[in-house]
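Handing you this structure, nothing more for now.
Every chain is named by a letter (A, B, C and D) in the order it is written, and numbering of its residues begins at 1.
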Amino acid sequence: MTNRGIPSAFLRTTLHNGIGRYVCQLQRLTIKFCKEQKQSRGVRDFIENGLVDFAKNNPSVAVYAQVKRHRSPALVAEYLNGKTHIIPVAEKEAAELLEWLDFLRTRSGEDLIRMRKSQHTFSPSIQGAWTPVTNKQVFPPDFTFPNNELFQAHKFTESATDILQRLARKSTSKTD
Amino acid sequence: MALAKTCCGAIKRFRLELPNFMNPPPITVLQGARTYKQHSYRYNKELYRRRLKVGPIEVTPRSKQLNWNEDVELEAFTHRISEKLSRVGVRQAFTDMSYSRSTAQLVKEVIGDSVQGQELDALDTSAGNEQMAESGDNLARKFIKDFIKVQFPHLPEEGVGSILEFLMSTGKLAHVGKHLGITDLILYDVPLVSLINEEQGEERACAFVRDFIITQLIGEDIDAIFPITSAMTRLVGLLEKKGQGEPISRLLEHCGQATAVSCYFVGIYSDNELIGKAPGETLEIAEEMAAHDALMSLYGIQENRLPFDFNTTYKQYGILNSGTQPTLLSSEQH
Amino acid sequence: MVTPSTHGVADRINEQISQNSHGRLFAVIYIGGHQFKVTTEDLLLIRTNRRFPDVGDRICIEKVLLVGGKDFTMVGRPLLNNVRVEATVVEKTLSHRKIWFYFIRRKGVKKLKLIQDFLTVIRINSIEVSEVEDDVD
Amino acid sequence: MHDRRRVLQWATFARSWWIFDANHQCPFQSANRLCLFLEGKHKPIYHPLSDCGDHVIVINTKHIAMPDRFWRAWRHFHHTQYAGGFQVQRAWQVHREDPTKILKKQIYSTLTGNLLRKGLMARLHLFPEEDVPEGMLRNVSNQIRQVMPVPKTLEDYPIEERESFPRVFEWPEEYVVKDGKEFERQKEYLDEDLSLSKLQ
């Protein structure tokens, strides 16, 4: 019940991604950092060593490095669906930064909120939706209800009479 | 204070939708609040009045912000759609005629006489994307038409037309363009088709249309795009044209036929063969819906039809240059 | 015992498959410890780890329990080997923050964890079925 | 919403009408089966919050069957909320006053006790005999199978079969066989007794 109070959404993608060709949803990445302060040290490390490789591996992302003096560093990701995701990366090492970048790259930009269903389909039924006449017994047009001959209870076991009669029939056929 | 904050948020959010100064939105008191705080009402009203006075916030285009490099963005865009396009071409495709004209005008005003008239004319026509838009539109329309004809061979011409119009409508193209990230670059993506055609060939251009425009058909009801009106009359005409027996409707089943909420299941037979069945609240509705169902199966647009084949590529001569019915020539994994 | 209804069913299914007249196919696949009924163009959200194939990769789902068209359904015992389900990894992300809270009253015991799972979204691209062998005696 | 979707929704949640013959059927087992149909549990679309049950017509409720001890042991309690207003009736008494009451009470108690129950009971139509109104019978599109086989009485067998049935021994000619009307006489006697007590 507590899940009701938090925002939720259904599973979706931008522009039916993955049906035609895959489009990387991360459009633009801005790395904001400071040149002086200690908390931007990991980011500065990353910009010196890993940023060019990242940009080369992901040519579909426009990467910017922006100096913000005496501000804590952050990764600002802009997605094709128009949403922005900001990750503060103060005091983070270069290796960890790369993981966060990977996370931003593989995302679609939708909000990280509760998914109501783990599946989305455009064709919920292929053999036809259920109706009361699905798999219903077909009666001839002149059939009238009630008809007790067709709807007698199933006999799953033989009654004592049935057994006796069967035995009797057997014995009479043997004697014949 | 929390109440005041929520109300302020509400006011800001709805501000642009309610331009009338005389009718501020009603400020609701939260349910369960013990008192009605007059000061907060007055405070919010005053805030609202001031907000209106300031006027709408100016929207800064993304390209006017600091972290913006047009070359980088264009390069990223070409990689995003997995095409190898020249930067000059993309820039031209993204330049609207009105923009290029105004630039030319500006050039004329600034440097005036030193530029020759012919050069100015060249600047006028070459920088815009009008021609590209036109040829791209033609190519996309042709390909979409052929694609639909391959996927729905039995659909009548008007149906093909309405699906085409649905896909090539300005709203749909703007939607596609927006989600490919070209909002800050341009407003229309059809010139791109022409550009890809010039630089990469027709097959890639068609693949672009297939992957980004035709995929918009997914999840749409074909019979909502192409509404089938007076189904029974159509069905009679179609069956007569095909040389089949005339449709005969039969009541298959019913639920509570003597009640106000009855449901009838009607089947339509032609030459002793069930060609469509549907439920309905009355016999007339059920018959009409059954005819609709039969028509959908005859047109090949029933719900459980084969899905679109987005992996298929169409060879150039097979689909684009022949006047005959297009055929599926090759299939390869994208 | 041969019941007349099962006789020749495989032939009729094979006929539909060879003529490609079975319409849209659906399948029940087993992935990430869960079973999903899927058809082409579906989206699935599965809990994986970060080592799952990268986004944009095409994957083939091996465990297919059931496949069906408009007129037939084939159930595996337990798996079917004549079906090929292909999918594309569309997104790898984290779930929303789930609260794990442990509290014992009057004892000063209080623990709070915010948990985020690794999630992967895949898109089913195609379901292909090949002809079956008639193993009904 | 397109018309196609609308009629599909209408058909999926359409209520069908069932008929059930309670002749020689145990009311307790019958109630279990009828409740499935009244609550809609026989449908794949069933959900406890959705009111998707069907209509059920029950005929021949007068001819339900219970073991002898049940007719005496099954009790119906009622209290008028006034002092001394408590009364208990045995099954045979209840059944004689209202031949549909035992089945109705049993179904009512078998249904889940929630706010839907009143509506579900309104979709139950009980008839002591086979005289269902014509308009109601027209709605019926299916029948519920009986819960137990109806025993055959001696009269149901043709005379030839009765005559040819193997016998262990023959009655002596001077032996006087009971005519089988003893129960009828007892019943008449009880009826008279009850009517007398009512008059008093």
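We take it that a residue touches a chain if its C-beta (ideal position, glycine included) is under 8 Å from a C-beta of that chain, and two chains touch if they have at least 3 such contacts.
Per UniProt, the chains are A = Large ribosomal subunit protein mL43; B = Large ribosomal subunit protein mL44; C = Large ribosomal subunit protein bL21m; D = MRPL13.
Quick caveat, the model's predicted, so the values are computed rather than measured.
Visitor: Identify the chain pair with more contacting C-beta pairs: B-C or A-B.
Guide: Higher C-beta contact count between the two pairs: A-B.
Visitor: On a C-alpha centroid basis, what's the spacing between subunit B and subunit C, in Å?
Guide: 30
Visitor: Suppose each chain is reduced to the average of its Cα coordinates; what separation in Å results between subunit C and subunit D?
Guide: Computed from C-alpha means, the inter-chain centre distance equals 47 Å.
Visitor: How many Å are there between the centre of subunit A and the centre of subunit B, using C-alpha atoms for each centre?
Guide: 25
Visitor: Once you find the CA centre of subunit B and the CA centre of subunit D, what distance in Å lies between them?
Guide: Those two chain centres are 61 Å apart.
Visitor: For subunit A, write out the residues touching at least two other chains, lowest number first.
Guide: 16, 19, 24, 122-123, 126-127, 131-133, 136
Visitor: Return the residues of subunit D touching two or more other chains; collapse runs of consecutive numbers into ranges.
Guide: 8, 11, 14, 16, 141
Visitor: Using the touch definition from the top, which residues of subunit B touch two or more other chains?
Guide: 218-219, 253, 255, 263, 265, 279, 304, 310
Visitor: Could you run through all the chain pairs that touch each other?
Guide: Touching chain pairs, listed by label, come out as A-B, A-C, A-D, B-C, B-D.
Visitor: Going by the contact rule set out above, which residues of subunit A touch subunit B in the complex?
Guide: 14-16, 19-21, 23-24, 27-28, 30, 59-64, 66, 80-82, 122-123, 125-128, 131-133, 136
Visitor: Within their complex, state which residues of subunit B touch subunit C.
Guide: On the subunit B side, the touching residues are 218-219, 302, 304-307, 310-311.
Visitor: Considering only the defined contacts, which subunit D positions touch subunit B in the complex?
Guide: Touching subunit B: residues 2-4, 7-8, 10-11, 14-17, 55, 135-136, 138-139, 141 of subunit D.
Visitor: Spell out the residues on subunit B that touch subunit D in their complex, using ranges where they run on.
Guide: Checking each residue of subunit B against subunit D gives 221, 223-224, 253-259, 261-263, 265, 278-281, 285-286, 289, 292-293.
Visitor: Flag every residue of subunit C that touches subunit B in the complex, lowest number first.
Guide: Within the complex, subunit C contacts subunit B at residues 20, 23-24, 39-41, 69-70, 125-126.
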